[in-house]
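Presented sequentially are two complexes of subunit A, the first with subunit B as partner and the second with subunit C.
For the complex of A and B:
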């Protein structure tokens, strides 16, 4: 299981979310917290770099990156496909 | 808005004709409606073609006449600094066109001419100027609107038309590299700009029906570049930010977007610090008309002889 801390670390470097990262809960909608469309692209690229993965096209959508819980779930589906 | 065309396409071979048959583009050239320049997507227009463009332009003006839009016209080049700040390069770097000019001295000039004579690359001393080609009619508008200060309570409405450039060479006549875009741009609260878009969805549909063209309105996305662009496109579709009014011109499978209805949310408001009367970031929306595309749709469906078009269509355009 991916620690929430690792995902928060990436969020902490996102221009849209950095100032708020400590106040964001697992299920807060990141877009409601100020994540823009371009910010979500930057978040996607940063997660790919941090976890050494590439999101397939069908996961390149708002839902995959909408909450910390969804990000973890998306990452785990890629990193631990056999556990799915 | 299910993508089904609203009435039957009553003409033959809309889908790809046999290789031996002249394409629609060939026939436009043969008839003299479009004029070859040697570059795909860059064409001259005949008087007859322009008479349709002008009539469609007047028709659009008539539909929007009661709205009190402020008319502004910009040349097809815009400030490079404005263009850079607009964010266009984040989304469409492959479509952008920049204006370069010779910036060397006399010796460099001799070198340029020598290269030209030798058939070699002569562009080495060309440097980017402070002008880029306008990619959409509304791009020069936003910073000028923001400079006026906060919007009035009722927001603002602008009427624009410009030649636009997008670097996408194609043999489809509907995908020109330089084409005219008419736009109405609404600025205000989310409610104001969404109401504007809704009204134009209905007006646009009625307009194209009046021209007796088959149509379908579909959710759409801009052609964002690369993998990041796929995410932006998915987001745009999921949020229903863009709709297109499509008419089959080249084929039924890939109909042509003749009008688009776009809700930018606060993208341009944030970029240009455009404020509503209460200080909140302004939202914007626009309706765009592809002037050549509408003209080509009319030619495709009603024929290349304008005098033979259905009387009701001629009356609507020139009556």
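For the complex of A and C:
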């Protein structure tokens, strides 16, 4: 289980979301909160760096990164095999 | 009932008859539009349960190509209408009001226009300055719409705006406005090099006391990513392919005329024709491949909005728009002065001026810059038959 604050820490460094990160709930849509398409690419890169993973193409869609909950399940789907 | 090709052919025949006048006078292709409506081609994409024919993008693209060979403006108006209808079909099915609207589009053959461009956003459709201002069940909207193609002739306008006056510029919604619900004050005239009949004038758009049910329930960000990107790049490309085909057909007729006059010799221009036919085929292959890839996704929203598909569609637009200009220019090179001159059977001035818009409509540099960002995370497709 990836702690929410690890994901929030990454969001806190995202140009689009940094000022709002404390007000974003688990299921708030990040794109509605102002995450731009470039911001979402920056977020993907930051998550890849922070968790030492690479998102495969089939996960590089809007839904995978639309909420903190979805980001966690996207990350867990990649980290699970090594955890098992 | 005639086949789709026959119905499109009737519209194209009429469009071709008036194409020079539409271009010269910078006027709306009304004769072609009358036939498109009479042949009920504006409701093609609407699902059958709402009185349409449930056509997919491939069928619409084919008609865009047919019309593109006749009148670029009529073809582009048809394409832009169906790009908007694709947004409604893809994202309006959860809303009763928009389902009724789709029924009306099919039954009354309503022409749908788009108001995404706004003064001050630098042509970026994913940002709005204007906002929906809601009071109870009603909203108002004022927009400095620097371009609304065929805004005067449209029956419906789908406009983007920020969700609330406090929303960030990218938190947008799409609202459906009947022509009789808006006032349009023209602020600029579309007097251009080509594509003159799209009548893409600038307006000050005002809408007051509109029921909030007319706001499409999905965020515009999703509509843009999951439907508009695919439909606009695929349908525009198909129009451009039609224009390029028309030019190559004129070049071919010219070369064949030369060959008939000098029996036993291959005219020197035939080599240039071979080259341009090669380029046209590459263009066609790019469009058909992209169409198949999108159709194979069967509306899967996640896949359509994925980075891989976005990169593929961006690449389609930038490459096909450049290829189309190149093909028409080469056709002119083959035909020579007979193509440069207006009023000959080989005239290519109008299609050349029209096609020059292709790399500029959502500028290729803007699209390449977007692709560049996406490539920072995209992984290799690596398969001949998939990506």
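Note that in this section the second predicted complex is superposed on the first by the 80 of 84 C-alpha atoms of A that agree within 3 Å, B and C clash if a C-alpha of one lies under 4 Å from a C-alpha of the other, contacts with A are read in each partner's own complex, and residues count from 1 in each chain.
Just so we're on the same page, a residue touches a chain if its C-beta (ideal position, glycine included) is under 8 Å from a C-beta of that chain, and two chains touch if they have at least 3 such contacts.
Values in this document were obtained by computation on a predicted structure and should not be read as measured data.
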Touched partner set for A:56, first subunit B, second subunit C, both or neither: second
Touching partner for A:32 - first (subunit B), second (subunit C), both, neither: second
Partner chain in contact with A:41 - subunit B first, subunit C second, else both or neither: both
Which partner, subunit B or subunit C, touches more subunit A residues: C
Common interface residues of subunit A - those touching subunit B in one complex and subunit C in the other: 37-38, 41, 44-45, 57, 60-62
List of subunit A residues in touch with subunit B within their complex: 37-38, 40-41, 44-45, 57, 60-62
Residue ranges of subunit A in contact with subunit C within the complex: 29, 31-34, 36-38, 41, 44-45, 48, 54-58, 60-64
Subunit A-touching residues of subunit C, taken from the complex the two chains share: 126, 163, 168, 170-171, 219, 221-222, 225, 301-303, 305-308, 370, 373-374, 376-379, 381, 387
Residues of subunit B that touch subunit A when the two form their complex: 87, 90, 227-228, 230-232, 234-236, 238-239, 267
